[in-house]
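In what follows, structures are represented as structure tokens.
Across the two complexes that follow, subunit A remains constant while its partner is subunit B and subsequently subunit C.
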Partner chain A sequence: MFDIVTVFESLIEIVKVVPKTLFLALVILILSFILGAMLTYIQSLNIPVVKQIIAVLQSFLRGTPNVVLLYLVYYSLPLVVTSFLSLFGVGFDPASLNSAAVVIVTFSICYSVFQSEIIRGALHSLDKDQIEAAQSLGYSTSQTLRKVIIPQVMTEALPDTMNAFLIIIKALSLAFLVTVVDIFAQARLVGAQTFSYLEAFVAAALVYWVICGALTYVVNKLENRMRRGYV
Partner chain B sequence: MLNLRNLNLSFHGNKVLEDIDLEVKKGEVVTLIGPSGTGKTSLLRCINLLEKPDSGFISLGGLDYDFSSIDKKETLNLRRKTAMVFQQYNLFKNKTAIENVMDAQMVVQKKSKKEAYEKSMEELKRVGLEAKVDAYPNQLSGGQQQRVSIARALAVEPEVILFDEPTSALDPELVGEVLKSIEEVAKSGMTIILVTHEMSFAQDISDKVVFMDKGQVAESGRPEQIFKESDNARTQQFLNKFYAAAQ
Partner chain C sequence: MDLQYMISILPEFLRVIPITMLVVVVSAVFGFLLSVPVAGIRIRKVPVLNLITDLYISFTRSIPILLQLFLFFFGIPVLLQLLGFDVTNISAMTAAIVCLIIYNGAYMSEVIRPAYLAIEKGQHEAAESLGYTRFQKLTKIIIPQMTPIALPGLGNAIIHLIHDSSLVFAIGVVDIMGLATIISSGSFGMQQVEVFLTVAFIYWGISFASEQIIRYLERRKKRVLNRTGYEMKEEAEYNV
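== the complex of A and B ==
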């Protein structure tokens, strides 16, 4: 029967992998943000062929489940890395590729598309008037970017970016498929040891819930502070 | 002080401004009037290069620039000698009134925070907003926002302030306070180029009025010359229409 003590015991085991899970999610968030910003920038240049290629890529990433992409990368990345390194005469054993790298690569690419949308939306919300005001006062391009555009775009993009962070944390439960142990994977392992799957998953759900709740709280506070008086 | 010669501007092959000459002396208030779409705002925006003219020359503050070959550095130089007050105020939304006024002083002029703060307080007092220094733009009325933007322009101590229809976006009851601030600025000896549809204000405040029509300077002169004694058919037509509409 359901045993509350086992839930607690599982909880203790699961909490051990929380830092690693958060760290992975953070790395993915940062990489996807950088990739997304690059995507937004490249698209804004409106280069004919490049624009279409990116559009196709985006539609592909949006239209395929993360699991499939994860397997795709899992089986293709070692080959890509091996052949890339062999160009420089460096030998590489495909089997030695860290599966955490596979997870990071996959999710960074997946979520870069979403980050790109977030950044584009935030940029869109910034009216051109303020940029003109800065120009008219003699701000250089980089001063305009640093003092006017980025602070406002960051504030605007923060809620959605943090939302993406939560989505990434939850999506990492798929990492188990390529042997990376996150919260969910740990719950499966703990459950398998004691055959108390239900208790382990209850514990995992609680951990996810608490993390998301806490992050949401922090982000709301932060957003209020960044926005202070203005909407 | 400010001298424009042979300024030409076109958008996608359409001529917007043709062969404009304009001279503004130090401390003068020059008002541009004329029908909508005639290039008044474009002319103003050429002076600080928010629009880049196809050709022409400008002298400002003792330096000459050739629009057809102006580079980035010269552009910044020219912009730093001018300031603009926009129709829609264009304040930085994430900054308070005083931060709006301080920012350019610190970023562009590299003043210390203290210096910038003192200067900003002084200018905000001048436009009567010392009680609103910590308010964000969305907490201010249109008239107050426009006065902050006037303070922001004053604070960088430009050679000339360009006013682009500063009261056009305001509710009628707020126009007065902004005009009063502009008058204040004019009295202080600041050189001003003003685009406006407030004819009686233009008449009162200007040293020189320029009537523009179809991208050209149709006529220019002292206010009474333009408003009372003009024999230019287009000027008369415009003013008559204007007065008829006002009645």
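== the complex of A and C ==
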């Protein structure tokens, strides 16, 4: 039956992996942001064939569930890395590939599509007049970028990016399939030790709930602060 | 890459698609039925129930669907025992469907609520001044205008549902993903890439078809919004 004390004990064990989960999510967020920015840039160039290839890739990434992609990368990444490195004559043992790397690669690619849409939306919201005004005031390109474009695009993109961060934290729960220990995987391990799965999962749910609540609160605060002076 | 092998395992996958479809359709239909009262409570701000639905939505939003599945799988029997039923365990399928109904109910209620709020106050007032009863107002004025606005969001909800249903294999339902893990463990680590690529293509196909339908609905929504001059005050923003 349900035991509150076990929930607390599991909670203590689970909280230990929270920093690791947040760090993994942050790495994925940053990488996917960079990839997304590159994707947005390439798309804006309108190169005939490249554009179609990216469109198909985007549709594929959006159309397949994360689990399937995770397994796909888990089984194909060692092969890809090995054959890629062998081109340069570097020997590589496929078994030595870290599974955390698999998770990072999968989710970075997966969420770069979403990030690129966020970036595109934020850039769209920027008024062209703003840039012209900055230019007429004699701002250099880097000044325009630093003082006019980025502050506004950041404000616009921040809520969605933080939302993406939350989504990544939640998506990391799939990492247990490839033996990476995040909050959910830890809950499974703790539950298996004591045969009290339900208590461990309730504890994990509480941890997720607190993280999401806290992050949402911080984002709202930050957004209000950043919007000040712009509206 | 072994194309022949990919094609040879395709029929096996086609045989389990109905299981995925069953999970998706049942959760979509009952999730929608659940979402209507939830949205109603949140729109009317019914004192105590409002708080409960807020909690319910923040729960489904904050917790990964995978964890929710496990919570329901292990939690429902305990809950039933507390209520006095003699149930020690439930089938994975039941747990999966109950979980997805609850999850999807929250999602869809967040689609329906903004759609309802997008209808102008003037429409309500006009209907009332013409002597429509509450029920008439709803069926003749509000719902016909809400439908085109809500449909694309509901379509998106179903795509998310299809994706989320790929996780039910984790508690032991043999759906497309479940079969894929079985096949891949039976192939002695030889052709896993092919197996999961096949699965990816199946899901891509399903999502692609659904996306085309949503695109069509989006266009209709734009037409309706243009014709009536409404603006969506808040779009549904709800993510997996």
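We take it that the second predicted complex is superposed on the first by the 228 of 231 C-alpha atoms of A that agree within 3 Å, B and C clash if a C-alpha of one lies under 4 Å from a C-alpha of the other, contacts with A are read in each partner's own complex, and residues count from 1 in each chain.
The rule is short, and it goes like this: a residue touches a chain if its C-beta (ideal position, glycine included) is under 8 Å from a C-beta of that chain, and two chains touch if they have at least 3 such contacts.
Keep in mind that what you see is a predicted model, and the values were worked out from it rather than measured.
Placing subunit B and subunit C on a common subunit A by superposition gives a fit, with no clash between them.
Seen from the CA centre of subunit A, subunit B and subunit C lie at an angle of 100° in the overlaid model, rounded to the nearest 10. Looking at the shared chain after the overlay, A:Leu79 reaches subunit C, while subunit B stays out of its contact range. Contacts of A:Gln152 after superposition on the shared chain: subunit B is touched, whereas subunit C is not.
Put subunit B and subunit C next to each other and count what each touches on subunit A; the higher total goes to C.
Once the two complexes are overlaid on the shared chain, A:Ala100 sits clear of subunit B and of subunit C alike. In the superposition on chain A, A:Leu137 contacts subunit B only, with no contact to subunit C. Of the two partner chains, subunit B is the only one that A:Asp129 touches; subunit C does not reach it. When the two complexes are overlaid on their common chain A, residue A:Asn66 makes contact with subunit C while staying clear of subunit B.
Taking every C-alpha atom of subunit B against every C-alpha atom of subunit C, the smallest gap after superposition is 20 Å. Chain contact summary for the complex, subunit B toward subunit A: residues 48, 50, 76, 79-80, 82-84, 86, 88, 90-94, 96, 103-104, 107-108, 135-139, 149, 152, 156, 162.
Residues 1-2, 59-60, 62-69, 71-72, 75-76, 79, 163, 166-167, 170-171, 173-174, 177, 184, 187-188, 197-198, 201-202, 204-205, 208-209, 211-213 of subunit A are the ones touching subunit C in the complex. Per the touch definition, subunit C reaches subunit A in the complex via residues 58-59, 61-68, 70-71, 74-75, 78, 81-82, 162-164, 166-167, 169-170, 177, 180-181, 184, 192-193, 196-197, 199-200, 203-208, 211, 237, 239-240. Interface residues of subunit A facing subunit B in the complex, by the touch rule stated above, are 129-130, 132-140, 143, 147-148, 151-152, 155, 227-231.
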